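Same chain, two partners: chain A is paired with chain B first, then with chain C.
Here is the complex of A and B:
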C-alpha cells in the first residue's frame, strides 16, 4: 500500500495491456454461468493480491490447515490499488474473476456495486470481535452483509524529525492550531525549510484527514446515496491546509517525487503526516535520516480529543464468480485472524494487521529498524489504531479521488485556497453518480 | 472438359486462398476490436437505486449520448488545445532539426558522419517513458544539475513544469526522442538522389547552400511529407510524456491530453463506454487531419507536375 502511487504509474501501462488482452481472450472463451457450489472433494482457489510474500503465507495454509480441509490456494501477484480494481471488474464482467481478491477498503463499494463480491456473512461467524469497529464497518458497508475480511489497517500519525525539532526549538503539535503555529515558527527561524508539504497526488491522505475530522463522504439515505464531500468537517480540513499553502507556510509540491525524497533526506522538510507504514517509505525516500524520526499521534481538532483517520489498508474478499465461496471465506478468515497467519503476514508482507490482537503480538514487538530510537513504536501505533474514526465509502471513490488530484493540484499550484476545489470535487462526484443512474439525495 | 474446368476454378480460387490469412488476421485483430469499440461507445450502464447487489446494473443503449457528452466535455476541449500548443512546437522544431542534421550529414567533407548519425539517432531507441523520467529528473529544481549550475551562476531559474514552459519541457522530450528517426528517413532519401544531379549543379556553379535549397530539399519533399504525416499522428496521440511527468507536478491534470482522458475514463472511472466514444472521436480526428494533409500535399504535387 505505501508505494501505491509511485508503483501505479509503472504498472499502469502493463496492467492496461494485460487487462485488454485478458478481456479479449476471455470474451473469446465465452462465459459459462454455472454457479453451483462444489460440495466435497479437494478445492482449488485462486487469490489475486499485491502484497509481497503472500505466496509464502499461502504455503503455510496449503501445508497446514488447508491440507486438512483439502483447500489449496494459489497466489497470483497483481498490480496494486486502483489498477487491480479495474482488472477485477473486467474479469467479473466475463464471469472469470478469481475466488479471492485483495481490495482496498475504499474500493469495496465500487466492487459490490458491480456485483463482483459475494456476501460472506453466512460463511464466517464470530470474527467481528477480532477487529476495531471502525475497520469492520468498512467491510459491511453499513449493511447486514459482509463483503470482505479486514487484512491490514493504516492508522494515521504525525512523523517528525526529533533532532531538528529540538534544534529549532519546536514542540510536537497536539492540535492542528499548534501544527500551524509550529509551521510558522519554523518559517521564521529557517525560511528555506518547510514543516511539510500539501501533496495533491495522493487522495488517500486528504480522505484520511477528513475522516479524522468526522467527515462522512458517502452515506445511504433510504435508497439514495448522499454525498458529503463538502460537509463542514471536510471544509474545515480543506480551509486549514489551503490557508497554510496560501500563506506559504508549508510547501505545495507533490509527494513521491525525487525532489520530495531529497527534501526529506536533507531535512528541508522536517515532518510528514502519514500512516503506520511510513517507516517503509522513509527507509527508501530518506535513507540518511535513519533513527532521527519519531512518531506521535495526529494533531487533533480540539485539545484533549483523540481521533485518527486511515490512509490505505486493505481487505480480503470473495468474488461472486467463485464456485467455492465457503472454502474461500474459510481461507480469508484464517488468513486475517489466525495468529500464525498474521505473524507470517507481518514478517513476509510487511503489513500492519487489522486484527487488534496481532497489533500488540510478538511479530510487532520490535520497532522497525528505521525507528530504532523509538522502541515502543508499535505499542504507540496500537494505541493510535484504537482511535480510528469510522470511514464512509461510496460506489465512485475513484471519481472523487481523480477529481481531488486535478482540482487540489491546481489550487495548490495557484495557492488560491481549497474551498473552490472542494466544491469541484463534490460536484464531480455527484454528477458522476447521477450520470450512472444512482439515486442521489440532495 | 471437367479437368480443364477444375483447373480454371483452381486458378480463380487461388487469390482468395492467398488472401485468406491476411483477411482473417485483419478481421480478428483489427476490424473486430474496432467494431467492438464502436458498439461499446453506443452503450452505457444504467444503475438502479443504491446500485448494490445483483441486477443493479444494466447495459443499455445510449445512442449517440456518449459522443455528445464527449464533444461537449470541456476537459476534452482543453486536452485538444493542449495538444495543439504542444504540436505547434514539436512538429516544426523536430522536422526542422531533422532536415538540418540530414543536410549537414549529407554535405561533402563531413567528418565522423557514421558516429554523429548514430548519436543523433540513439535517443529514438530509448522508450518514451524512460526518456520522460530522465528529463523529469532534470526538470525538478531540487535534483537537477542544470538548476545547480544556474544557481551557482546566479542566473534566473525558470519553473519548467508550469504554464508556458511546460509545453517547452514536454516538447523537448519529444524532439529529443524523435529527431533522430526523422533525420534517418530524410537522410536516406537524400542518399538516393543521383550524383549526376549534383554534378550538373556544380557545373552550373551552384554553392553548397544553393544545392541544399534548390535541389536537395525539393527532391526530398516526399519524405518530408511522410515525416510530417507521422509527426501529426504521434502528436495527436501524446500520452506517455505527460503521464510520466504528471506525478512530479501539480500542473498536469489527469486529463491533460485526449488520450489521457480515454485512459482515465477506462481505467480510472471504469467507464469503458465513454472511453470508447472518446477514442473513436480521436481516431476520426486523426484520420481526417492526417489524410487531409496527405491529400493537400498530393494535390500540390500534381499541380506542380502539371505545370
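Here is the complex of A and C:
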C-alpha cells in the first residue's frame, strides 16, 4: 500500500533484522510499564474480528473471568481478508488500532514488519503446549517473540462424493499419482465430469498444497529475506496441477463461483481438495448433496507419508497501540485455550480450534450435519491436523497472492502449464520486497 | 447551442413542442441509435433483473435452479435479513439514510454558496480557486480516504458519525456544477438591480439567486446523495463499530465472514435489492425537477 511505503522504507531494514532475531526488547519494556497501569483499575479493550458470534463469546468473558479481572472486551465486527490488514495498518499509523485484532497466519509477518503487533511472549506463559508445533511456529515467525495466539486452524483434506466414487468404481487416492490416475479414469468413464478443478483464484489453496510438499516460501537468511516460491517443492506442485489442466483431465475454472457451486451440486465435479471447514461451504454451495460426501487425508507425494498443508486459519494478536497489552494478552490466551471459551467459539463462530485438546473436545464430538454419514469426521480431522507441515510466511504475502491470481489465471485459461507462471510469481514477490526496502538474498 | 437543442428535441419528441421540429425521415435514421440505446438499457437492467429474481430464491434454489426462474424464498429471505444480528440491517439502512441525506444536504448548501460566489464575484485568485477545484473534480475521492482518516484521527473523530459526514461536505464536483449553473441561471443584471435597491449581499443570494439556482442544486443534491449512498472506501476506513456502518459496508461484512463461514449470499442479494429501493424512489420523486432543469436550460439558450 502506497501510504505505508515511505515509513516501511525507513524501517524496513531494521525491522527485518528485528523479525529475524526476535530482538524486541524495546517492545517488551513498553508493555511491562503498561502492566502496572493495567492492574490499577478496570480496563476496557476493543477487539476487531470477523468471526460471527464473537460478541457472544466475549460476553462469557465479560460476565465471568473478565469481571473478576476487571477487563471488559468490546467486539467490533469486521469484514475478513486482505482489506482488514490494510485497515489495521492504516489505523496503526494513526495510533488508533484496537487492542486486539484477528489476523490470518499469513498476514502476521506483514503486520509485524509494519510495527503494528506487540510481542506478548512476556505476558503469555505456558500456552505453547496447547498447540501443534506447526501452528505455534506461525505465530512466533520462528523467533523468540510471540506475536499472536493461534485461534483456528484449517488442515487440508480430500473431500469426495462417496456415492459417485462407488458408481464409477474409483478408489480414494492415497498419493498424488493415484489422484492423477483417478482423474483420468473418471474422464474415460464419464467424459462430461471432472474430478475437481484447479482454481487460479485461490492463492491460499496453492500455498497450502506447496506447504504440504515442503515448500518454504519466505525464510530469513542472516538479515536478509530469502524467497523460495519457485523452489523444487513448489515446482513439483505447479507442474503436477499444470499437467492435469493442460491434459484436460481436470477443470480449469475458479472455485467459489455460481458455476462451481452448480458443478458441485449436480455432481459434475465429484471431489474437492479443501480444508476442515469444507462442510460449511458445501452446505450452501451444494445443498442437494447432503450426506453424500466423505473426507479422507490429502493424497501424499510419497506413499506412506502423512503431511498436510493448511488453507486458512487465524490468530488473535495484540497491537502496539494497546495501552493494556497485558490485559489484552490475558484475554487472547483465555479465548484460545480455555475449554469454555473454545466450546463457545465452536458453537457460536463455527471455527475449528487450533488448540489440540479442543479438536477432540465435546463441542466437536458430533460430525457436522452435512457429513452425518461420517460420524468420526472430527476424530479423523484431528488426526490429519497433527500432520500439518510448517508454513513460512513473509511480509508481502498479498503481493505473491495477487501475482498468483494473475499469472496462474492466465496459464490455467490457456492450459499452458504453470512453470512460467511460478517464475513470474517469484520475480514479482522479490521485486516488491526490494521496492519496500527489504534486503533480499539471491 | 442550437445544435444541442435540436438533438435534444428528438428524445423529447414525445412531449410537446418537439413534434413540430421532428420530420419523419429523421426518425427512421434514429432507429440505429435507438437500438444502441435499447441494447445499453438491456445491459444495465439485466443485472438488476437478476438481483430481483435472485432475491426470491432460497439458499437451496439460488445456484441450482434456472437463473431467471423466480424462487419461493423471498419472505424467508426478508425475515432472515431482519433477524440477522437483531436487525442490524435496518440500522445500516438508517445510517445510510443519515449519511446520504444529511451529507447531501450539507454538501449542496456548501456548493450553492461557493458556486454562487465563484460565478458572481470577481476577485483576485478566482480562476486559481476554480482551477484547483477542477483538479479536485478529477481526483477520485477514494485516494483521499486515507489522508482524511489520518487527519481526523489527530482530532479523535474517527469511528464516529462525524468522521463520515465531515469529509463529504465539500464536494468539488458539486461546487463546480453550482458555479456553472449559477453563471448561466443568475444574470448579473438581476444581482446589480438588487444592489441598487440596497439589498445586502446575503439577501440577494437567499432571496433572488437561490430560487433561480434550485433546479441545479437539486441535481447536485441527487448526485451527492447517490455518491454517498454508494460510498464504500471512506466509511470502511473511518468506522470500526458495525452499529455505525452504512449499508454498503454492512453487506460487505456479510460476504466476508472468513473461510470457516460461508458467505450469506441470499441475505446479501436481498439486502442489495432493498438498498436500491430508496435510490429509485428518490429518482422518481426528483426526476420532475431534473427534466425541468434541462428544459429550462434549453429554452434560455
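Before moving on, here are some points about what is shown:
Here is the rule we go by: the second predicted complex is superposed on the first by the 403 of 442 C-alpha atoms of A that agree within 3 Å, B and C clash if a C-alpha of one lies under 4 Å from a C-alpha of the other, contacts with A are read in each partner's own complex, and residues count from 1 in each chain.
Criterion: contacts are C-beta pairs under 8 Å (C-beta built on N, C-alpha and C of every residue); 3 or more make two chains touch, one makes a residue touch a chain.
Treat the numbers as computed from the prediction; the structure is a model and nothing was measured.
In the three-chain model built by superposing on chain A, chain B clashes with chain C. Once chain A of one complex is fitted onto chain A of the other, the partner contacts of A:265 are limited to chain C, with no touch recorded for chain B.
In the superposition on chain A, A:83 contacts both chain B and chain C.
Once the two complexes are laid over each other on the shared chain, residue contacts for A:252 go to chain B alone; chain C is not touched. By the document's definition of touching, of the two partners only chain B reaches A:112; chain C does not.
Contact with chain B, but none with chain C, is seen for A:201 once the two complexes are overlaid on the shared chain.
Looking at the shared chain after the overlay, A:314 reaches chain C, while chain B stays out of its contact range. Residue contacts after overlaying the shared chain place A:437 against chain B, while chain C stays out of touching range.
In the overlay built on the shared chain, the residue A:418 is in contact with neither chain B nor chain C. Shared-chain residue A:277: touches chain C; no touch with chain B.
On chain A, the surface touched by chain B in one complex and the surface touched by chain C in the other have residues 83, 258, 262 in common. In the complex of the two chains, the chain C residues touching chain A come out as 59-60, 62-64, 146-147, 149-150, 153-154, 158-159, 236-237, 240-242, 249, 252-253, 255-263, 265.
Those residues of chain A that touch chain C in the complex are listed here as 3, 46, 48, 50-52, 76-81, 83, 87, 90-91, 93-96, 98, 152, 154, 204, 258, 261-262, 265-266, 275, 277, 280-281, 283-285, 287-288, 311-314, 349-352. Contact residues on chain A toward chain B in their complex (touch as defined above): 5-6, 9, 12-13, 15-16, 19, 24, 82-83, 85-86, 89, 109-110, 112-115, 141, 143, 200-201, 220, 223-225, 252-254, 256-259, 262-263, 268, 395-396, 398-399, 402, 405-406, 409-410, 412-413, 432, 436-439. Those residues of chain B that touch chain A in the complex are listed here as 33, 45-57, 129, 136-137, 140-143, 162, 240, 243-244, 246-251, 253-255, 263-264, 266-270.
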